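Before anything else, here is the set of structures, which you'll find just below.
You will see two complexes here that share chain A, one where it goes with chain B and one where it goes with chain C.
And then the complex of A and B:
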């Protein structure tokens, strides 16, 4: 219990740190409203030509789908920048002898940050949805805990992929292109801006097996088109990928620490 | 006034040369960042490709037209940040008092300030736009000359808007959040088909966030040459640039030194 308590404490400190920056918070919410507004205009135009459903999604569902994918991406922590910085400036050396595992320390730190962002973004997201397209059709409150679980798993997979990429800083001075490219993979193959169901068949099959789909597409699709069978398959995929990236990050970290060479003090 | 302009252009040229040399010093990092940005931007081709798989035209635009919007916006954004790389940092420079060192130099403060830094990844934006334009439009010399001209006008729009937004810091304190949002508005509005904007959004892109002048009008002129729209574009770019210059100096009168003592090498 004591072992977990210290991580919970890190999470609490990080959450209160993130509650301080009100202007950042407001700017982020404006951005959220703006991007969904652009998408609303874009999709309204598309639906005006194509009829009431495209690939099984109505305009109402597509906007709510995009709100959920944006929720996941906007609620990410700054773990990539922070860990890369710790490694590059040698700060990491001072964290190795602390009584915690660095990866789990970063996870709890991130979860505090994510918790605050997610909570506020959910409120804003729901408000935007109601304002733009009204309540989500066929939504059942009994499904909410399942959707939230999948959303949380998506966010945590996102964290482990980010930290794995950031740890490449042990070997590379300039590792931000990895971050950009990963973001864009989520953006495209992860179905962040367009549901994978609209992809050509061959690509849909590939994308549905890749990890990026389980960061954004999986939870968002469950939110707008819930079924228990989809829930089980999505969560199984998510748990598998979560485990995979957890192991990868631990391995990279272990290898990186061996390669660590800090000058000065 | 003409000698003044000549001097400023010479100063920008000198900074460009030195910034280029220093970027080239770390060639591997330069190449990684440029390629990373090209791949990053390329992901949007995927997004539009999928959309146009589902629908023939969006807001009167076909796939090629949207790619042209992208080509101009991306190259112009790149050009603006390669030459005036400090434009995004104006707020930070004011807030930290770093501005003092520019005030002491016998050069135009704004030009000196914004040109003294370059953003390496912006080269990627520039190359990407050029490759994309040639890719979708072929090597038609007159179109390409227009493309180059519109890159210059659009780069001036991007720079002016960022100067104005960041100069708000002189009046209201840290305007980083607002400047970031305005910059997002400019970029996003300029990369979607004009036909999707209705009501207020349409008004906004022709007035306070002049994204229509960045790419929408230029693409219209390339597709259907109109001397009237070309002249309107020139008038607006001059008006916005002069206003940005005036606004910065107006704000500068309110500036109080930050008492920061630093070595600037």
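And then the complex of A and C:
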């Protein structure tokens, strides 16, 4: 019990540490409003020429879909930059000689940060949706817990991919290109920009089996077009990828610690 | 009883090297070259339970690397370490419940939160009961005089205040050994003294073993009974501070600024530098009396300013090397 309690407490402390930045987070939401507005213009134009549904999405659904994918990406923690920095400047030494698992410590730390961000982003996101296209059609509040579960899993997969990439700092001096590439993959193959359903058939099939789709596309699609069978398959994929990247990050960490050269003496 | 045993400890680092200039940079992409650096080169020593031991040496001597191996952060290249009966690299987690660490240049406290929040978190991390944590916090706040700092976010504290909180935080779980890596770095004289007093008090009240690194000769003189001097990864000297002071730290440097031109001609006083009315001299306190020399110096003319200091550690070390190469020349103390 005490073993779990410490991670919960880390989450709590991290959340209060991040509350200092609440005004920053809210300021960042202007960007959120802006990007969705651009998307609204773009898609209104497309829909005016292509009819009322494209690949099964109406304009209302597509905007709400984009709001959810933005929610996930905007609410990510700074784990990549923080862990890379800790490894590079040797601060990691302080975290290694404490009685906790570093990966799970970072997860709790991130979840505290994500909690604060998600809270502000959800409020703004829902407001934007109502303002731009009105309430999401066919939305059933009974589905909300399932959607939130998938959203949370997406965020956690995102975390484990980020930390796996950032731990390469044990060997590499400059690892930010990985971060950049991953971000762009989520952008495209993860369906952040357009739903994967609009891809050509072959690409859609590939993308639906890749992990990026389960960070953003999976939960966002569930939010706008919920079905229990989709929920089950999405969550199964998510759990699989979560486990995979959890194991990868633990392995990288274990190997990295052995190779650790603490910089700065 | 020994609480730390180190035998033939070695740590090599691979460091990427690069020739100067753009050509060198391009070369290093296709044909990277590495150089093996011996950060710690075959050192052995013991630490007794309840002792304050100083591990001193100039920057880059291998002090921090040794501490990091003793606490399990770094894996040694070869050699054996035993800390409280555990092998640090293998039993890092188990060991972490029994030791406390402070790295003077890094922080373990949450930047935006007051120390109290960090203390409570550490209590959870070390799996301590709430009532025990409260008792410890009350005790440590009094010992470190940080009551008025407890509710101020770390970012608003001065370095001296922060270090006091850092040390208090590392003691929450009542560790058997405390590793302090450069606890006095960057502090002014008054705060330095305060930290030294605290360390002494801690050792007395908690009976904890203290292993401290420093590149400040003043830290050893005031704190420890024994000091190990390390340079280029090797132990230069492992001796009681009494002997050390008597044999190697007997030089004092005196800077005097006169209001008029003077001519110094006192036996046993070496003039290091003389510029205008300011003079820098060195004296050997094992052959002459400091206060006598100072009285004589003051008699020479009207003094505007005077400071007495220890020569830098680098000088003491080179002094040790010199005396060692001469061999058998040094004075043994009869105690």
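Quick note on the criterion: the second predicted complex is superposed on the first by the 260 of 265 C-alpha atoms of A that agree within 3 Å, B and C clash if a C-alpha of one lies under 4 Å from a C-alpha of the other, contacts with A are read in each partner's own complex, and residues count from 1 in each chain.
We adopt the following convention: a contact is a pair of C-beta atoms (placed from the backbone, for glycine too) under 8 Å apart; a residue touches a chain by one contact, two chains touch by 3 or more.
Model, not experiment: these values are computed from the prediction.
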Under the superposition described at the top, does placing chain B and chain C together on chain A give a clash or a fit?
fit
Quick one: is A:16 in contact with chain B, with chain C, with both, or with neither? Answer first, second, both or neither.
second
Is the number of chain A residues in contact higher for chain B or for chain C?
B
Considering only the touch criterion stated at the top, classify A:187 as touching first (chain B), second (chain C), both, or neither.
first
Using the superposed model, give me the angle at chain A's CA centre between the CA centres of chain B and chain C, as a multiple of 10 °.
80
How far apart, in whole Å, are the nearest Cα atoms of chain B and chain C in the superposition?
5
In the complex formed with chain B, which residues of chain A make contact?
23-24, 26-27, 30-31, 34-35, 37-38, 41-42, 44-46, 49-50, 54-55, 173-174, 176-177, 180-181, 183-185, 187-188, 193-194, 198-200
With touch defined as at the start, can you tell me which chain C residues reach chain A in the complex?
13-14, 59-60, 63-65, 68, 71-75, 92-93, 95-97, 99, 101, 103, 105-108, 110-113, 117-118, 120-121, 124-127
Chain A - residues contacting chain C, complex:
2-3, 5-6, 9-10, 13, 16-17, 20, 90-91, 93-94, 96-100, 258, 260-262, 264-265
Quick one: which bits of chain B touch chain A in the complex? Just the residue numbers, please.
28-29, 32-33, 35-37, 39-40, 42-43, 46-47, 50-51, 53-59, 174, 176-178, 180-181, 184-185, 188-189, 192-193, 195-198, 201
